[in-house]
Amino acid sequence: MSELGYLSLQQLTKRFRGIPAVNDVWLEIAAGERLSLLGPSGCGKSTTLQLIAGILRPDQGQITLQGRGLNRVPPERREIALVLQKGLLFPHLSVGENVAFGLKMRGESRAEREARTLALLDQVQLTGFEDRQPAELSGGQAQRVALARSLVICPKVLLLDEPLSALDANLRGDMQTLILRLQEETGVTMVIVTHDQSEAVVMSHRIALMFDGCLRQVETPEGLYQRPSDASVARFFGGVNFFTAAADHHRLTLAGGDVLTTDFPQQGAVQVTIRPECIHLLADQICGTNLLPVTVCQNRFTGTQRHLSLQTPAGLELQAWVPPSQNWAIGQTAFAHLPPDALWSFPTPTVPAPPHSEPKALSP
Amino acid sequence: MSELGYLSLQQLTKRFRGIPAVNDVWLEIAAGERLSLLGPSGCGKSTTLQLIAGILRPDQGQITLQGRGLNRVPPERREIALVLQKGLLFPHLSVGENVAFGLKMRGESRAEREARTLALLDQVQLTGFEDRQPAELSGGQAQRVALARSLVICPKVLLLDEPLSALDANLRGDMQTLILRLQEETGVTMVIVTHDQSEAVVMSHRIALMFDGCLRQVETPEGLYQRPSDASVARFFGGVNFFTAAADHHRLTLAGGDVLTTDFPQQGAVQVTIRPECIHLLADQICGTNLLPVTVCQNRFTGTQRHLSLQTPAGLELQAWVPPSQNWAIGQTAFAHLPPDALWSFPTPTVPAPPHSEPKALSP
Amino acid sequence: MTRKVVLTLIIGVLFLPFLPLLIWSFAQGWYFPQLLPEQWTVAHWQAIFTTSTKVGQGFVQSLAIASLATMLALVVGLPAGRALGLMEFPGKGAIKLFLLLPIIVSPLATLMGIQFVLIRLGLSGTLLGVVLVHLLPTIPYMTLVLSSVYANFDLGYEAQARTLGASPMQVLSQVTLPLIAPGVVGGALFAFLISWNEFLLTFFVGSGRVLTLPMVLFTSLQGGNTGLTAAIAITSILPALVFLLFSSRALSDDAAIGGLGDV
Amino acid sequence: MTRKVVLTLIIGVLFLPFLPLLIWSFAQGWYFPQLLPEQWTVAHWQAIFTTSTKVGQGFVQSLAIASLATMLALVVGLPAGRALGLMEFPGKGAIKLFLLLPIIVSPLATLMGIQFVLIRLGLSGTLLGVVLVHLLPTIPYMTLVLSSVYANFDLGYEAQARTLGASPMQVLSQVTLPLIAPGVVGGALFAFLISWNEFLLTFFVGSGRVLTLPMVLFTSLQGGNTGLTAAIAITSILPALVFLLFSSRALSDDAAIGGLGDV
């Protein structure tokens, strides 16, 4: 990955019937970076992708690639390839002809086309598939051909629009691995649109979170989990524990007791969050700090975790996700350990924070 | 929950064009039980549900409800209600008329119909919706009306065919809670068809796992995770660690070293599995038993967990899922602790174990 | 704004042929190069109601024949359309294809064979004979429309109703028929129009003894009374206008248009 | 087995009207109650190729008129169908509905107005005039079929091709046209048949001077030569058979049947 600014969106705005679908988006993407545009459906992420591809024209703003303005460059001369959700292999062409399509449009020689096609089919593990018809392929195979078809033209940027959402859950993991490997082999800059934060987390160096046409936070996956910019971002990433606290330097006073945080909150009333998987439940009061006495109210086995609902004597409710090997009885008392580096705070919001369209909750 | 045998399937078989879709299924369901029929698509679970509902007729076998044979009872007199994936509200009737449909067919008085309809709409949290048209409802609301419509006739058994798969991920959790609450309030016996094991785990007392038309294991959710009957069941439930070992009483000799198990394996060559979330990774060799020295080969952050690939000096590969707060560097050496009660073994399979249709992997 | 103009233009062009008809029917002499007739009259419209023009007779006979043909087409088409729309069986595609035969082959080609049979049966020149030959285009059309109506019908509704306690008869009357009604009504109206507009079959099989409105109009067209002919032509359009009215109401309903929009 | 019998039966019933035609065309006298004619002949088929029967002339004129009408309908229908199928604009439903007008209104009703205009333009009784009136049913039909073909066309294919480096012209020739081809060919064949079978419009606008095959057949039907009439009738069915052949090949292709199966 080189410096930022390889692909750059400046003040990008697109309106449909006067309503902004993409609103004043500024984004810098580095060469070789994998960036996800993540957000609920209708948040403008696909529109942004289509603006980059040149299928839509922005109402305002500028897109530059390697410093060159793209606004007046038609899609076929942008060197930006696009893979859509459904793959959309040309049904009247064979697999090989599909892969070679971009080369043919460029007037490459037959020999060159054949060599490159076979090489790309190899790369997506479909050696020997060149004479098949698209209708004979499974969904995963079709998507791999679509990838090969886009990569064969050696694009400067590869755009993927929900490339895995049409696939079965079990295929998705394999395809993620394949896409990651291809990106690493080719070093192509990649922008992925997805509504599934677990997919974005696995696939990207950075995630650009969009709500309602606006960028909310651009961060590494871990940063989005650990340092969300506000409560709505935290909720989108499966945050379930939110409480108000009084902050005094590193000390937070909660309804259940006082805890320390490594975060630097503003003084006074703040909103505090802690991820449910970061809370440890202990039977005994081993260490002194950041321990809250709690009662187990609910214990839901989800297969790979147990989701516990906890309550402090003062009525503070906590959700803790613990390994399945830890089994707690309903009504049992215990101590919840809230690690100082897992407590994160933001100023108490003055306007209701959740975005207009309901974000998807994390389904564990 | 009372004793088993309230609803009973005996030797149930259904063939389509000679090919068995449901093959010699025996199943006993208790009154008030929530049982899931879980399996990949095409495994016969929906067919089984339709046989119970009476929409299909079995080629062989018997279905009894409270000891009474149902084979010759038409669906409208079985007192078994069905909720389908898409809800299928009658589009020419209002929400209230939809809910009252079953009562009208039974010739109940208008007053009775209205009272029951309003009560049921209350129960599914749609008070005041009786005059809406189905087209005006969101997917979740429509599914709740479908539930009310089925429950209004006080069925002895409620069948749900993938009731949540058409809903957004964020709605699914709310609907699961609602269905669980309704089942607990009414005490109705419930059979749920699903291909999503996390849904089955949350929703059911017991899970009946089907592959290729055959029942493979009927167990509690925890039992399926901890005591899968064979490797294919374990794989379906997200099992990723499988290795062969030599068993000598409680001692298993793996490629990485010897470990103890609380399981009672057969002597000799066995297949051993351990769930990835049960493996603990320790920096130091604290306790002496069941510790294998490993090197961290891969560290994939998934949001709520880190998926680590580990390798012992002898080449044994292990997948361990650890909390996100534990960060391990690639190449770091550590000790993997395999708790004795998490190691589970089965005899080495003589035939390839995975089922015909690829089971879905657990997507964490 | 531009769109409204374009829209008005398109609809105007489609209606244009009907404008001179309207003028003629109220004109007392209208000759080239007059822009509008000098004198107006309602005499042509009055004439329609006299028995000598046979318009009344034609209207009643057309109505009777088209209604009967439509009803019989429904009786055959409902079960046939259900089978073609919902069931899978070998040869289904071939049947749907061959049902196009009466639509893609001119009645002129089949008339000889039909006449031969009808004369033997003594049905040539009778109302019943004309109704029977009108089934030739209406039954296949109705079957094709209903098969596509049924193809869009989710059998889950019927299963759902059964498990809620509805008997097979209740399912039919309370669920299936109400759900497919828009498509059925649309298809029936279209079948009615096919029969109402039918010319060649009536001309030969009716042998001049069955006088439908197209026969009256045809005769009038060959004569010279422009005003009367225009009035008859407008009368003959009435059912098509009813159809448009119904369709524009059901415009939001895809089931109804689905079967018809592709015609 | 039972299904095969039923299938054969249905197709048999649909083909039945054509059997006597075939016999007549080879019969030298075939009278009731004979089951089959006593003597066979190919004289009727030979007569078709003589100029006196005007079958050759009718065939060529029909072919020319139907081909021209189909091509012009394609020229108008392709862009119009794309607009109706892919774009959303107010009044779209109304336009699609009014495009049904020429299909649901009998040509008899509109003929007076059309004749009036054509006579003024000096086109009545000319080939060009007949081609123009044949556009009245074919253009709306073609537009409706192509709008449903385009409605099933995923614009993503075009976007995909563009980003792979195809210019707009390359997209049209390499992607769009090949993808909609089955629907276009099917619709064009059907439009050809509409024109080929057209009777009333040709009868009045042609004024006896334009002699299409239906005109020749109509005249022959009113005469008494059963054998010759049968041979002409069979000749007039040929394009419909070509259509069936094409459709049965494209049977597996939903795009082609989608636009036609609902007719």
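Residue numbering begins at 1 within each chain, and the chains themselves are lettered A, B, C and D in the order written.
Please note the rule applied: a residue touches a chain if its C-beta (ideal position, glycine included) is under 8 Å from a C-beta of that chain, and two chains touch if they have at least 3 such contacts.
The structure displayed is predicted, hence computed values, not measured ones.
Counting C-beta pairs in contact, the chain pair with the highest total is C-D. Mean C-alpha position of subunit B lies 57 Å from that of subunit D. Note: centroid distance subunit A to subunit B, computed from Cα atoms, is 28 Å. Viewed as a network of touching protein chains, the structure reduces to one closed ring of chains, two contacts apiece.
Shown are all chain pairs that touch, namely A-B, A-D, B-C, C-D. Those residues of subunit B lying in contact with subunit C across their complex are 50, 53-55, 74-78, 80-82, 84, 86, 88, 90-92, 101-102, 105-106, 149-150, 153, 159.
Interface residues of subunit D facing subunit A in the complex, by the touch rule stated above, are 154, 156-157, 159-167, 170, 174-175, 178-179. For subunit A in complex with subunit B, the touching residues are 168-170, 172-173, 197-198, 201-202, 221-222, 225, 237-238, 275, 277-278, 300-305, 321, 323-325, 339, 341-342, 358-364. By the touch criterion stated above, subunit D contacts subunit C in their complex at residues 3-4, 7, 10-11, 14-21, 24, 32, 89-91, 93-106, 108-114, 116, 120, 141, 144-145, 148, 190, 193, 196-197, 199-200, 204, 214, 217-218, 221, 226, 229-230, 233-234, 236-237, 240, 243-244, 247-248, 251, 257-263.
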